[in-house]
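Structure first, commentary second.
So that you can tell them apart, the chains are marked A, B, C and D in the order they are listed, and the count of residues begins at 1 in each.
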């Protein structure tokens, strides 16, 4: 705990951060007063989900230095395996545990696939590449993304494989805003997963080892950590999280080859705003992006929903080149 | 305990170490001396598995460990305190020490190691919840040594412990190393500070331009003309 | 100047070959001439892209947006002011140059992946703006653009784009061989060190971005007047990816490598697309796998292959003739520690 | 030595290119290659798949034969990219020797493909790229772009007017009273299609005296519409009308409209573009208005069941259905050409198109969607719209099936206003 306090107090010493938090609060209040409470509620729900999608991306970059352009495709894998599992369980649909089984299976599929991809691709690259690691892996993830999208089309076709809803029933009302049960489910899954990830990274032996690799690779080797295995594990966790998000959001993102495009863009926006490699920051930034989108959509028009955040992020970066909560992970990303 | 034979190593096209051989016996405190760029650190990294040797053999307790990955070398009981320390700057002192005992499964053993490190460096106990990145230079060095000790090594490799430290702090670190050696730990030390080192070690090798030019007991080396001319002369 | 040209005699041979190619079978068929046009256009873009990626080490991930902006500017000037296309193309050059300049200024403090992503986001914002200012651009409805020629062949288009590619190459190559080129490489390798040795990174980075975007916009104008239709999708990330793939497969930092790679790349992908049409998507799987394999096993790309042959040290994947030179398995840690110390 | 090796590399690259060029030979005398366009890869590949399946079924119906010609389909993948589309068409014409083209999806692709068809004088029929740019280009230079003979889908403006008329008819007939006066809010995907269709809807409603309270466009892949819908909710329009061609976007919009609790009449043009939308939307689609042709006739029902059993998914009337009919029309044109000229060449086919299709002499009445597909000198490149010809009725969904509620002469049921 004291660690978190230390970090927070350091963040707050920066006037930029303080100013930004004040700005976000102002935006939220403005939105609520001029628009309605739904801006706040919807931003919270959407933000939690974006945070989940982005956390894996941040983790992969922080630990492995891989800016993953294929993160959206692992989301796609999640929607697909979620759909296949859910329809396979059609005999027992309606039982409340079925959605949970579905998303857990998606998590497992994403995890295993991520591990395989790391072993087949990134482990091989690590043996060979000396310089330009970040950009080379970036290009490779572009290739992975192309392969996964089109493999989906070849094997499972182009149909929209989706569901109406995990949970039937009337929406619940929060602050006068109706929220469908599925979205309540999604925000709960997001909250639990993020808390789980946070616990894993902060307090477990493996989580510490992952952080150790991200902070100092030779140091990690020196204390006996199998760095390669930790990187494989990291990529697997990150892919698993993306797949989990995909399966959880199946009601909103039916599975088809290109379903990962939107989550990918959002995840990148969030991660850049937070500072690459900063998992905790990604969670906060997820909410900020959601709030920005909602306000833009309401006050300027939906068509501008991504123009404004993109432009704003570039401006924020101009003031603070490592993102809002960026750490100096220079040695990795300056290549 | 450690025997290095005809070791060649380097980076890219650049060969840094030319066929050196050395040996460290059980319980000894041995130093590898030499000027900057002589290949001392590279040798140490080869032993620790951070740099892959091009040629030659490294044997630990009779088993060849040349080219073994760093984490596996660590698992065999070889601890390394590198020149740049390689601390986990975003973790607390306590977490760093805990990471040092990463491959020690027994909680009891970990706790005993921790107590030992804290008794050796009481300063670290005071700094326990602080982030490693916020420590002073001397404290970092202590933490790096402490972290290496947490794994319960039977051989400790220490790279330039005096680097960047004030003489007083250097002395403290050297005292600690001497004490560890007296307690029976085998230590291989790389140093540029020849005078202070020769005062405390049992034996030493002098490495120049990747080759061993002199070796022998500390006594013998302090009396050698070459050492006097090149190193002690400069120091004086 | 003569010396400059003499050193380029290899280029002359290649160019002659490219100029004759669409006249000899089997390349003289219209579909292959079209592939040649696509290749030359991609080659030109890859050169301009490599000018930034391979020299100052910043990957302009918003590249297509700048190229597309050039296309839009040229198209709009032609439509509204009735200027000849040759003239209005320079509107594209100027607009893209200005945008490149602004991007250079905005991303000045960023390095590596941050600069890449900042350029990406700028590109996406530009795309969004293009889509939304529909009174001017017609947005997603698409802008019909006058074409260069009302000809029934791709051949004149090919010679136009080939000439444009050549000019792009010669100008950018001349810049990289001047003092500025040294400065670019210095900045690309280590900005602080470059600054310390008296190179003004600000000026050179902005210069680089501006030049690269100017040529991107110029070629973007060709795109507009060739395909006769512009939609905001020409600025999409997928278009940047095509250029990036050509540049990386070609090998960064040589300018000619990306250009040379563009031709076989376009031909093989179009061939796959044409012949695997029973399995839509299979061609892209092959393409993606090829990209992954090349990046994993031969990240130096085409240019390195040629250099290796010239230096007679052909290294095939998995076969290391100089084990000493190659980083060893599992030693990323060691490599990193080298970098850090 | 080194130079020699360099030459080897250069030759390798060149031969890779040359190999790419080889492989295809000219056509044999009795084989006729028919290009069938569609977005077979890319973000709307689902539509491409429906095209491919439907065209295959249409070809199978004539056993791949017209007279003594064997008809071979060549799939022209437009890949949702004008550059790729035009390249694919040129390759199909020159490399594979297609003599006629049929079907396409995007308007922007159509604009890039038109000059290619014109350059090689290969007539291309029934592209579904529908917006005004295609008409503009067609009319601008008919000598070249006229080879893009006829569109398979009229400009959205011509189609979208019935919504306004329908609502007016419901009001006049007493089955509907606007809850919040004559107010309408417009929504749509931010594409050529979305803008031109909603533009037409907007114009129609305005001309009928309605007030447009808001217009919102979103990216084609947006699936979170809560902001728009909550805004609409606060603005209280009686009707919200719009379109999206992306099923994930459309289904999310409709589900979220219900979640938010909008009480407006929802016009969602294009919901039925994907046959199995009900799997995604469920009961939230009850009461939604759309304009879709229906699989009504026994032949159409037969088509649906065959399609489902062969391809495992529900066909959509406007994608698979129309593609089936238009391919059938293409085959009829071939038949007519053969009868008239005795051989199938691009030139003869073009002449039949020009002399008989454009004049309205040659029409197609064996379709499963429309009664008659017909063109006229005034309508081209669009098909003739109207009763008995190309018409989309307004339908209202209930339990996943649509029933015609307008125009009155073909209506199957009465409009039900939302509670």
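What we mean here is this: contacts are C-beta pairs under 8 Å (C-beta built on N, C-alpha and C of every residue); 3 or more make two chains touch, one makes a residue touch a chain.
Predicted, not measured: the structure shown is a model, and the values here were computed from it.
Comparing the chain pairs A-D and C-D, the larger number of C-beta pairs in contact belongs to C-D.
Core chain by CA centroid proximity to the global CA centroid: A.
Taking each chain's centre as the average of its CA atoms, chain C and chain D sit 35 Å apart.
Measuring from the averaged C-alpha position of chain A to that of chain B gives a distance of 42 Å. Work out the mean CA point of chain B and of chain D, and you get 74 Å between them.
Shared interface positions of chain A, i.e. residues touching 2 or more other chains, are given as 150, 153, 218, 220-221, 227, 257, 303, 306.
Residues of chain B found to touch two or more other chains are 50, 69-70, 82, 86.
Residue numbers of chain D whose C-beta contacts span two or more other chains: 41, 45, 48-49, 190. By the touch criterion stated above, chain A contacts chain B in their complex at residues 2-3, 6, 205, 208-209, 211-212, 215-216, 218-227, 327.
Residues of chain C that touch chain A in their complex: 53, 59, 106-107, 109-114, 116-118, 120-122, 124-125, 128-129, 131-132, 241, 244-245, 248, 252, 279-282, 284-285, 287-289, 291-292, 295-297, 299, 326-330, 332-337, 339-340. Residue ranges of chain B in contact with chain A, taken from their complex: 48-50, 69-71, 74-75, 79-80, 82, 85-92, 95, 98-100, 102-103, 129, 131, 147-148, 150-151. Those residues of chain A that touch chain D in the complex are listed here as 35-36, 38-39, 42, 46, 150, 153, 157-160, 162-165, 171, 177-180, 183, 251-254, 256-259, 261-262, 293-294, 297-298, 301-303, 305-306.
Only residues 14, 17, 26-27, 29-32, 34-35, 38, 131-132, 134, 139-142, 144, 147, 150, 152-154, 223, 227-229, 231, 233, 260, 263-264, 267-268, 270-271, 273-275, 277-278, 280-281, 284, 305-306, 309-312 of chain C touch chain D when the two sit together in their complex.
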